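What follows is a pair of complexes built around subunit A, which joins subunit B in one and subunit C in the other.
Up next is the complex of A and B:
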């Protein structure tokens, strides 16, 4: 719409809309490229100090502790009969959950053509890849004798004995690897045009790196057609893969004849939980990017936090629905051991963790996220990211450790206290995640510039009567 | 059209740069009116434009075929792994089937999807001929800055006429280009 045709009183409204919506506030592509490249090349003293600390902490707490665990044996972990699964499995489920953010934000919002996704799909996809990298370590750590991990790989031993494909361990191996490979390819494909842009604008080692990674991309009609078709296929195909991964993780528990685990609702319950933790983590990461990476305030605006906040509220309600379903029916069944497990959760020793879960996943999000003003505050959404993820970690702790603590006969009851090695490794994967993310923020364009520019082309203003509204053209 | 032509008929490649899709679409119309076929025109852009926006011929992508073949290969691999490998060294457990059907769906699904995703990914590179292996290809770095580059090949003796005709479509630059379209 030509602004010159607008009456003066509408100019202010137009300016408001521009300030509010990134896709109504276009800047020349050259300038957006420069902003993104500046952000990548901004390796200042603070960044180096933070990365060095993260790297050292990761080396000591994760790899150091893991090496120590391997040298001394799994006995260093706090897991004892009857609680054979502890923080390693809790953290494994937690990181698999976080990994759902990228796919949910990127693929599902792409399928539904939700325009607000454009500037932060890559930030979310990166979360998927690095969260999976962290999650993938835990089965190896939990093995104890990590060097035997290749026994899970589908190839035969010298007696032609293959892995047992009916085992949930092998399902995990297949699902996690499919998801890791799929989401990494899905991250890489839309990155190619931006890497080509970086290739054209960089010098020195960066130019060499981006020349290799961009594969000679030129932006021809053929290249775009094939790329877009592939992204479309990925967006549709990765969604069921995402669902399958966390369902299979839930079946690690649910296929066991263990009271508190053997539940038909575990698949969808785990998926909703994963999306809840993933979406809230995206809010936290976007806040960190906005405050710590140069020029990102232009790309990531309160409108994006608002949209994520709405999603989070809906998903939190979904999680509460599944949680209540699971709880109510188990309680209603009246089975003696299940009653004891539920008592142990709600009023027993596990109660502080259980109530943390309820408060962080339901009470706080519901109290906060109904309010648009709060949703639009980036720091509030960052805080929600931390709170919900504390709640989700607590949920996994309750499911893994809580259920194992109570069995049919009291002789088989137990108490779990995580050892220092377990706590150290669990913390180490957090620092590993932030270290990898920090590294990636200076190596690849965090903002998909071509998608943002496409969004600029698609969005416009339309005058209706005495007002002005945002319009979107379907370009994809 | 131009294969084997030499001297004044030898093909020359040029690039006309635009900043608006409307202008690029008009330029392509002009080139076509002069008699340059679509296969001697190549458009490069920093964002995807549908073929209809620029008045270019619609061509389906071959990537879905790769996806289907990949899915089929993945499915066959899963069948072999799930139903074939237990027969190589049967371990019979009382009351349990050697080949259980329900869990097979998990393995079949994961490997089918894995095959499809890998093949789709590779399909982009194969279909787009990336990375380049046939020497230098035409490219204008301003494409990264949002410009639309219209490359065209014309016989040398028509070059001036084409450039004059394109001047009316508002290009920011018309210049000779080096390389192939591949």
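Up next is the complex of A and C:
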């Protein structure tokens, strides 16, 4: 639309719309390329200092503590009879949960053509991959004999023994591997055109790296058609895989003969919980990217935080629904041990954690997210990301540790206190996550430029009569 | 096992709670027989005791009219064991020959899922590599594996004694006699509260005791089909 022909009041309106919506605010492809590459090559002193600290902290708190744990024995963790699973499994479920939303945001929004996804699909997918990298460590860390972990892999071996396919842990192992491979490929496919763009515009070692990674992408019509097709297939296929992974993680608990775990609703309850923690984490990540990476204020705008906020509010309501269902029906059942477990959650030793969960997952999101002005503030959404994830960590703690603390033999009830080694490893995965993310932010384009450009082509403004309306064109 | 006995065996244990006085001799005997690690006072207090057999204690009534009830609790050798399907590496599995729930130490990678899934909390975990304090290190039973850190263990019904008796009987060409196999706990019990034997033998002592009116299986409603039968005149309390 030619702006010169516009009367003054319409001009103002157009400016307003452009400032609000990324897709209505097109910039030349060259400029966007430059902005993204600049962000990627911006390795300044602060970045190096932060990354060095993160790397060192990870090396000590995660890998150092893990090595110490392996050399001495699992007794260094605070777990004991009857609480055989502790912070490791809590962290495992937590990181699997975080890993969900990346794919959820990206794949679900892609197949339903939600346009606000365009600038941050990559940021979300990266979150999936690195959260899975963290989560994937825990099934190894928590083993009594980590050095024998490969006995869970089905391969012909000298022991003449397959893994036990009836065990949920084997399902877990297979599901997580499938998801890791699937989501990594799903991350990689839309990355190819951007890597090719980076290859064309960079020099030195980056040129070599991107030449290898972009698989000789030239951008012919044929290639685009294949790519679009592949992305479509993966976006659809990764959704059931994603659902299956967290359902299977919930089955680790739900199939057990353990009161407080043995619940038919755990599958969907865990999925909704995972999406809740993941979506809020996307908000936090976007905030971090916006404030710490160059040129990102153009790509990531309040409208995106607003959209995520709405999604988060709905998912929080969904979580509350499942939570209520689970709790109410267990309580109504009236089984003695279950009654004791619920008492232990709400008024016993577990009460501070349980109420943290309720407050962080229901109360605060509901009080904050109904308000558009708050949703649009990036720092509010970043804070929500932290709060909801504290709540979700608490939820997993209640389920894993709380339920194990109480059983059918009152003589063997127990309590649990995480040890320093456990806490150190749990914190170490956080620094590992941020370290990997930080590394990736300088190695691959964080913004899918071609997807944003596609959005620019699809969206426009049209003058009709005395007004300006937004127009959308179907691309496929 | 290829050369399975023509006479099928099903080992069961009967524990008479009316006779149990909670002395703990069985716990000690079990630890000696099975090389159960000594974890020390502090660790034990934190719930890291390795006892395969423990005396569960209940108080009945309000003070001052308090009575105490003891219940030796050990692996119930479930016929339908919850620990078995959850193990990813077949470390805990069913022995067809003895109808026992066995733990293969070499296979265990220490997921501890079996322990979480055991409604009897019967399993113990090797949190560290334990040393036996002098002079207990001279006491290790050569018939039983010494376990290292990171693996699960539990009551085996003294399978080494069962195997020894079976082999002797086979050499003499006769079935195992009733009372020939005695686990360490039964042997040590001063009140003879623990009786062990073959359920398939219709004249065995366990059969006679188990069919008494006082007999019950603990947490029977879970469908685990335990092979430990408790006898108590106040069985509603358990």
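Here is the rule we use: the second predicted complex is superposed on the first by the 464 of 476 C-alpha atoms of A that agree within 3 Å, B and C clash if a C-alpha of one lies under 4 Å from a C-alpha of the other, contacts with A are read in each partner's own complex, and residues count from 1 in each chain.
Keep in mind that, in the parts below, a residue touches a chain if its C-beta (ideal position, glycine included) is under 8 Å from a C-beta of that chain, and two chains touch if they have at least 3 such contacts.
Everything quoted here is computed from the prediction, not taken from an experiment.
Applying the stated contact rule after C-alpha superposition, one finds that A:182 touches subunit B and leaves subunit C untouched. By the touch criterion defined above, A:377 reaches neither subunit B nor subunit C. After overlaying the two complexes on the shared chain, residue contacts for A:161 are found with subunit B and with subunit C alike. Of the two partner chains, subunit C is the only one that A:152 touches; subunit B does not reach it. In the superposition on chain A, A:18 makes contact with neither subunit B nor subunit C. Taking subunit A as the reference chain, the count of touched residues is higher for B when subunit B and subunit C are set side by side.
Contacts of A:404 after superposition on the shared chain: subunit C is touched, whereas subunit B is not. In the superposition on chain A, A:453 makes contact with subunit B only, not with subunit C.
When the two structures are aligned on the shared chain, A:470 is found in touch with neither subunit B nor subunit C. By the touch criterion defined above, A:207 reaches neither subunit B nor subunit C.
On subunit A, the surface patch touched by subunit B in one complex and by subunit C in the other comprises residues 159, 161, 166, 170.
Of all the residues in subunit A, the ones that touch subunit C in their complex are 72-75, 79-82, 84-85, 142-145, 148-149, 151-152, 159, 161, 163-164, 166-170, 173, 252, 255-258, 404, 407-412, 414.
Remark: subunit B residues 42-51, 54, 56, 59, 61-64, 67, 81-82, 85-86, 88-89, 91, 100, 103-104, 106-107, 109-111, 113-114, 116-118, 120-121, 123-125, 127-128, 130-132, 137-139, 141, 143-146 touch subunit A in the complex.
Touching subunit A in their complex are the following residues of subunit C: 43, 46-49, 56-58, 73, 82, 85-90, 107-113, 115-117, 119-121, 124-129, 149-152, 219, 222.
Within the complex formed with subunit B, the subunit A residues making contact are 28-30, 33, 154, 156, 159-162, 165-166, 170-171, 174-175, 177-178, 181-182, 185-186, 188-189, 193, 196-197, 200-201, 215-230, 233-234, 237-238, 240-241, 244, 248, 450, 453-454, 457, 475.
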